[in-house]
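Both of the next two complexes hold subunit A, though its partner changes from subunit B to subunit C.
This part shows the complex of A and B:
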């Protein structure tokens, strides 16, 4: 059991999402940075897809009501346990009554708190993710509130984590070669042209050529981008069709919207491009105000990045298994 | 098309100018959208239903989202060669035989007009019809659920009389109530969530049509027949 002591709006319980119901209009939801969820869960000995807390408004504080292993992943900020600075991407044990505090991270948008045993809220339609649009799933279908007491599942066995923690090289560092930044420091997000790209003619090139800014009207559903509007040569009344996170649609105003984890399941605006799936977590960690540029990708590149991410995860899983066995043997 | 520089894709575009073929485009690296050529009608949708049943069985498919005379196929992994996926989808479409889904009939009582019918006056202006006629034309028609999407349990209904077609708004209403009976282009439906909505509201329905804790959460399913019953008309 944990209790929420302090929270901002829109912090929620998430897991890897609720795919499989988009054909009845249910968004997949799930963490904006699923890579952080997987790594956090592996480190505390959970299944990769166990439910975690997604913290996107700070400060945030919780109190442990039971001795638990935990990891704060995804973030570049240092969590505090009873006021003592810890490292992100490291597993620690918390004693009963200890308070975990997360302050606004220096650069990134979201922190994930994985707890040994996993956040144990009811599984609805195959997932523990909060559906904010649908008001179901997660913690009573709503964001976390001060005073919420949330059950944590049984741990597979308390890990003998050393007091100095047990951590990983975070993905942004370990996979640096696969996730570059531009010389000016803007985020480079790889995408492929989508269905109506050609309708934009010269504006299509302007879409790839310019630096966009993530506007303040952005949330888990989608990011609105500010920049020079791009407008198709003709207006088309599209028939509603399925969409997935990463789709970049252009409403009549000409400023693109990238659908994110709580993406609508259907859309009708012209689609100029689609972000490749393995770059979505980086977009999920980009804050309002971030400058970004879209880079034309290829299937070969998307596959190469996916394979690099998969082998990173596999590596963490294998290594942490080895270390934990060694620690148990020593204990 | 997926890869404009690719010779396959170019051939297909040339073909499409002489003979209407389905169009396949992509979203990201794993999702492929097939759009049926021709009219927005039941015949095309019946082939989409057939195609959906077939594609759903493919071993590399994670999920499908049937839309309005289109289908989005989401693959488990990024394919090595997207053209192979495009060709498979096009071939499956060409071979898809029309099926009719034996749906149930759903009757939805509607309060036409009143405070929720925020766009009825604009629809009267656009169509040149009286509010009474708009309401009559809407509830006299029989609709088919073509597909679900956009919001949990939301059914896109086909069968709207062309006299009351009305384009989606360029500036959506910021807060349309769940239950509003709406028209979006050639389609009609009942809003399932309160929130921003670009469709045009002409009435209100109380009926609950989605329950996440139920074994079958959505009341509507593709192929169902829907009738709107004028429970009250307030003009």
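This part shows the complex of A and C:
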């Protein structure tokens, strides 16, 4: 059991999402940075898709009502346990009554709190994610509030976390070769041309060639980008069609929208491109105001990045288990 | 870590048996209270030397050893210039460095408060289990 002591708005329980129900109008939901969820869960000893807390407004504080292992992942800010600074991306043990505090991170947008046993809220349509749009899932279908008491699953069979903690070389560092930044420091997001790409002049050069800024009208549903408008060469009337996270639509105003975790299930704007799945977590960690450029990718490149990420995750799983077992045997 | 009395004959006998059984040639333990050295001779007979620190209350150096084999990292993030200057005062829970195995990092905590005086391993070097990493002067 944990109790929320302090929270900003729109902090929710999330897991890897609820895919497969778009046909009945249910958004996939799920964490904006699924890679952080997987690594946090693996370090703490959970299944990689266990439910966690997604914290996107700070400060945030919770109190542990039971001795628990926990990880704060995804973020570049140092969490505090009873006021003592810890490292992000590390598993630690918390004693009963200890308070975990997350302050506004220096650069990134979201922090994830994984707890040994997983956040135990009812599983609805295969997921524990909060659907804010549908007001169901997660913690009573709503964001976390001060005073919420949330059950945590049993830690049965979980290997003990070493007393000084156990962490990882974070994905942005370990997979540096696969996640480039531009020389000017803007975020490079790989994307593939999508259905209506041909409607845009010069092979979409206005879209690919400029630096966009994530506007303040951005949230878990989608990011609205600001920059020089891109307009199609002809106006097309399209029927609404299925939309998934990562789809980049161009509304009549010409400033693109990137659909994110709480993406609409359908839409009718022309689609210029789609962000490759392995870059979505980086977009999920980009704050309002972040400058980004889209880089034209290929299926082969997207696949290669996916394989590198998968092998990093597998390596973390195998090695962290090995180290925990070795230290347990030596204790 | 709980304090083990290395001057206790029962402890020494147990360690000697364990070393003999494991075919290990010897063992040396340094603790603030003194040193214990066991050398298992080829004939199977152990020589034991133990000396208590002459003056309890004096400053004695203690080694912080690798809890695991792996790559020794002085700082959390590779490439960062977080390496602090020596000597510096630390408390028992302070993390002095890390052992990296693949993408996983195991923090090495001081274990006792005192002053870190020496860095004994090279940054990014492969170190074995028990390799000395830091020397701490403990004010006992």
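As a convention for this text, the second predicted complex is superposed on the first by the 325 of 331 C-alpha atoms of A that agree within 3 Å, B and C clash if a C-alpha of one lies under 4 Å from a C-alpha of the other, contacts with A are read in each partner's own complex, and residues count from 1 in each chain.
The rule we apply is simple: a contact is a pair of C-beta atoms (placed from the backbone, for glycine too) under 8 Å apart; a residue touches a chain by one contact, two chains touch by 3 or more.
The shown structure was predicted, so the numbers you read here are calculated from the model rather than taken from an experiment.
Novice: Once chain A of both complexes is superposed, is A:90 in touch with subunit B (first), subunit C (second), both, or neither?
Specialist: second
Novice: Mind working out whether A:136 is in touch with subunit B, subunit C, both or neither, as first, second, both or neither?
Specialist: Only subunit B; A:136 stays clear of subunit C.
Novice: Report for A:299: first if it touches subunit B alone, second if subunit C alone, otherwise both or neither.
Specialist: Only subunit B is touched by A:299; subunit C is not.
Novice: Once the shared chain is lined up, is A:264 touching subunit B (first), subunit C (second), both, or neither of them?
Specialist: first
Novice: Give the label of whichever partner, subunit B or subunit C, reaches more residues of subunit A.
Specialist: B
Novice: One more residue to check, A:323. First (subunit B), second (subunit C), both or neither?
Specialist: The second partner, subunit C, only.
Novice: For A:274, select first, second, both or neither according to whether it touches subunit B, subunit C, the two together, or no partner.
Specialist: In the superposed model, A:274 contacts subunit B only, not subunit C.
Novice: Could you say whether A:174 touches subunit B, subunit C, both of them, or neither, answering first, second, both or neither?
Specialist: So A:174 only meets subunit C here.
Novice: Touching A:73, do we find subunit B (first), subunit C (second), both, or neither?
Specialist: A:73 sits against neither subunit B nor subunit C.
Novice: How about subunit B: which of its residues touch subunit A in the complex?
Specialist: Of all residues in subunit B, those touching subunit A are 2, 4, 23, 25-31, 33, 35, 40, 62-72, 74, 77-82, 147-154, 156, 167-168, 170, 184-185, 187, 192-193, 195, 210, 212-213, 217-218.
Novice: List the residues on subunit A that touch subunit B in their complex, please.
Specialist: Touching subunit B from subunit A are residues 19-26, 124-125, 131, 133-134, 136-137, 191-196, 198, 237, 239-244, 246-247, 252, 264-268, 271, 274-277, 297, 299, 302-303, 306.
Novice: For subunit A, which residues count as touching subunit C in their complex?
Specialist: Listed in rising order, the residues of subunit A that touch subunit C are 84, 87, 90, 162-169, 173-174, 312, 315-316, 319-320, 322-323, 326-327.
Novice: In the complex formed with subunit A, which residues of subunit C make contact?
Specialist: Residues of subunit C touching subunit A: 67-68, 76-78, 93, 95, 98, 100-109.
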